[in-house]
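You will see two complexes here that share chain A, one where it goes with chain B and one where it goes with chain C.
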Partner chain A sequence: MERGYWIRSKPLYDSLVWKQHATGHVVIAEGEGGIAVLKLFQQMCPREPIKLLFADDTSATKKYADIITKLVPEGLQVCESGEAVLAALREQLPDCLMGTQFYVAGSEAFIWAVIEELKVYGVQDRNVEKELSGTLARSVYCVHCKTTDKDVHHSIHQCSGCGRHLFVRDHFSRRLGAYMGVMVDAEEPGNIPAAEEIYP
Partner chain B sequence: MSVLNVKVAEVEQVTEVVKHFTLVQENGEPLPRFSGGSHVVVSMDINGRIHRNPYSLMGSTANTDSYHISVRKQENSRGGSVYMHEQVKPGSTLQITYPTNLFAISKLGRRHILIAGGIGITPFMSQISDLNRLGYDYELHYAYRSPEHAAFREQLQEMCGDRVHFYVDSEDERLDIPDLLSHQPLGTHVYICGPVPMVKALHLHAKNLGWPDNHVHSEEFTAPPSGDEFTVELALSGMEVTVPGDMSMLEAMEEAGAEPPFLCRGGACGRCELEVVSCDGVIMHNDHYLSDHEKAEGRSIMPCVSRAKCSKLVVNL
Partner chain C sequence: MNMAKNLAFKQETFRDDYTYSNSAEAIRRFPFPFAEDEYMYSVNIEQHNGGAPGSVFEHAIDVDEHYVAECADRALVLEDDPLRYIALPHMMDAQWDMVELVMDSLSTDYPEQFKLTKDGDNWHWINKPLGIDQKFVFGDESTLPMQPFEFVGRQVQGDWIILDQRDDDLFADMGIVTSQADWSMAFDAGMSFKEWHGPVPQANELGIFDRALKYLLHLQYGSPVRRLNWTMTVNPRLDTSPENYPLWGPDNVSVTPENVGDKVHLRVELQALFRLPRSNAIAFSVRGYLASVNELATYPRWAKRLRRVLTNLHPDLSEYKGLDFYRQMVIDHLAPMDDGTELELGTHPE
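Moving on to the complex of A and B:
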């Protein structure tokens, strides 16, 4: 970790906080993002209408839908999967007006999948509240064969597309929702450092 | 700074107070291309003192044979607009800067609401030619004082068809900004150019309705306000310049032979920002560039519109 050095494209995530000025609020969360939703609903709820789209991670032992259902009586839509959440969001967006605030919580891959949907409607990612929950797993884009691998926990990561050993950089593409992976042994073929789990 | 030497090809009286100037390059060559919303800074030699005023380019962006600017005559002002109205005739030569754009249409937007107050219509004239060419969804809302002040109304009707809406103040027609902003779909951007209270009202209403700052665009060219005389010391060159009450700090430094950087000369772009080394009084910030926090800190000044109430201001130039 180099001090005082920062790759500016690396996104920063925060805790979800209601925005003061709005015409409506749309909260979109998946899996461990359920905790972020519960924290959000512990704050004073805004007066404007709220829509909440949520799906549990079916493979995880901890589930949040039941608790959320008890706490959020109106505007809640519990979906079967993250994909179903995105589909539900797609149906909502044509009716949303300027002034609608968006809040997203879940894995980084989920956050950027949501932003991809919002972008179609001209919503810029910097205007979306984002909370990273549960895992630091990254999507990694291989700059050599253009394959994107999801749920990467290790650097060095072996690319599923071309088999190259990739060093995972902090350089992030907002368009692809992925970090840059570059061949680690390009200069000294075969000199591949051990893979370490740094994105648990 | 590189300049273009232009000749006035035509002057048209548009309304009682607005004149439209057609400028062509003196050497007969085509002018540089520009994007909708761009402006140029016109230099005027008024009794030996150089005035530089920014004016929006309002012609079609497809036309590089001539540039078009419109000037509203401001009687109680520093004289630039009066000079343009009274002294500049067909055949007059002027120096202008290359076009710069601080008011471009956002390519990320899905819908664009343009709001003009009075002479603030000018930057939209070139933006509309861009919007039409790109096939973007837009609406123009143009408010003006009375039927005699309806500059470019017919031309706008021709360019915009049913996308343009007029509001004539003297006929009690008012643009309801909160209502307009309250029913716009996601991805809408709003642009305003007009009197200061109108611009401030838009920013306030947009904020209250939860519009993100980066969806609200405004352009105001502030004329440098007058004030008290003070002295500026340029720390690097050791030069000392007296800024008279009716001259901007930037103009005074230029007249003294310094070459400080500048671009918009209206407190909008930030190009002329100077580091303040010391000031034995207070800085009167008049720009829209520095944040309130930066203004309070007093470590920077925009000499194009801001000045100081002090005996000596030292800047790092």
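Moving on to the complex of A and C:
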């Protein structure tokens, strides 16, 4: 919330649910998105072919690849990292487009990085199922120096590019996969409110 | 007076020493936006196919005494921050549509200043006020010194955002935005109608964005429309972008009861929407007009009206427009000029 009203560019996320009327299903997940994948595969699976690209978050203690491997016998590709998932997706996308339903789960930054890849092939983000998993951490785009910082947990964030203290707004760009950060003390330099951890 | 023929362009600045001011004639034709003593957002869309001679609505694209200075300010902004111009790759047809719209309009409406000759696709463009003489092949990018939309975008006043229409929505996929009221083209690029309007209070609740979008999706080629929007700006600064907020933010708190009349400006945006023929995109122009409170107050009717609108303004709108720090000072400054008499409906100065 900002100034007491809701900014409607902030995306809404849901729980992954299999969709009908697809010729194939592609699930793309990273890190805590593993939980969303496990929940998805506890539902009645569709008959069409399923492909699953997954990478554990290497820095996290909790890993899901092993459980997922047991649960998903076919179509699973476990990658080294989120970046590797994106690379695999880029490579395989041209083969699986017509009628394919896409599902994405992970951090917000990961979700929108995947959707940028899909967009190249004309897939609209409204046709992609998205589940935000694990963290509310934000990517923040500094509107002054155009640096994007990942994993921001606080209401006020010091930009790694220009050093300004940014207020993290709710205004979200899907193209940049980031929230807007605006200098918080522009009117009265030095008057910087305390940062609170509101995106755990 | 026929503005088209007798345009004298002022030398003035919109930054640093802020020498910008309006002639008496420019104040008279100022698009004062308040027909009533109260203001709330509405779907205030009307036809834009010619207005009263001399008014800002007369032509599709208005050129006034500030033309040369505004284009110079735009060039400064672009030099400092090239990303104020953005064109996503699929917008090339719309770029040429814009070349046609700008050159056709200006050369038809201001023949003393702009001249366009067409020999098939071989076009010859002369812009006398800016000293530009360019021959090029319409449709061939390599014959212009820069992208076609940037080329014409640098030769018009006001910001231009070009919307791609698909899936029953509009997407801000191209723009040249150097004089905006606190929003960022670099950030908003690629957004849908509801997304870029996300930060606006109240309007969504009133159903304004649903109705406006539905209307615009059916906009016809040859039937442009317009609306007015307004805010206030401290100092006659065109570039009140979020990018440069560190530069102009301190000005907001520099207003005092002594300087308020000269420092605080009403900023009215004449927004026009044109369907483009090749791309089926929509061109959205945001032409800003700035006048100080004292300039406006040369017409007692406007002084009274402005005071009442500001007094009655919804607090969410005041905060969103960034007026909270100095709004009361403007009201107090205008108070001696408001005798409380009833004002008839309308925006006219006298």
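Descriptive notes on the structure:
One rule holds in what follows: the second predicted complex is superposed on the first by the 196 of 200 C-alpha atoms of A that agree within 3 Å, B and C clash if a C-alpha of one lies under 4 Å from a C-alpha of the other, contacts with A are read in each partner's own complex, and residues count from 1 in each chain.
Here is the rule we go by: a residue touches a chain if its C-beta (ideal position, glycine included) is under 8 Å from a C-beta of that chain, and two chains touch if they have at least 3 such contacts.
What you are looking at is a predicted structure, and each value in this text was computed from that prediction instead of being measured.
Counting the residues of chain A that each partner touches, chain B and chain C differ, and the larger count belongs to C.
In the superposition on chain A, A:18 makes contact with neither chain B nor chain C. Within the superposed three-chain model, A:7 lies in touch with chain C and out of touch with chain B [touch as defined at top]. Using the contact criterion defined above for the overlaid structures, shared-chain residue A:174 touches chain C, although it does not reach chain B.
Shared-chain residue A:64: touches no atom of chain B or chain C. Once chain A of one complex is fitted onto chain A of the other, the partner contacts of A:124 extend to both chain B and chain C. In the superposed pair of complexes, A:146 makes contact with chain C only, with no contact to chain B. Using the contact criterion defined above for the overlaid structures, shared-chain residue A:41 touches neither chain B nor chain C, since it reaches no partner.
Within the superposed three-chain model, A:182 lies in touch with chain C and out of touch with chain B [touch as defined at top]. In the overlay built on the shared chain, the residue A:96 is in contact with chain B alone; chain C does not reach it.
124, 126 are the residues of chain A that lie in the contact sets of both chain B and chain C, per the superposition on chain A.
Chain A contributes residues 2-5, 7-10, 124, 126, 141, 143-144, 146, 164, 169-176, 180, 182-183, 186-189 to its touches with chain C in the complex. Interface of chain A with chain B (complex): residues 19, 21-23, 93-94, 96-101, 118, 121-124, 126-127.
Those residues of chain B that touch chain A in the shared complex are 108-111, 181-188, 207-212, 214-215. Touching chain A in their complex are the following residues of chain C: 83, 167, 184, 186-191, 194-199, 201-202, 204, 242-246, 249-250, 252-253, 316, 319-320, 325.
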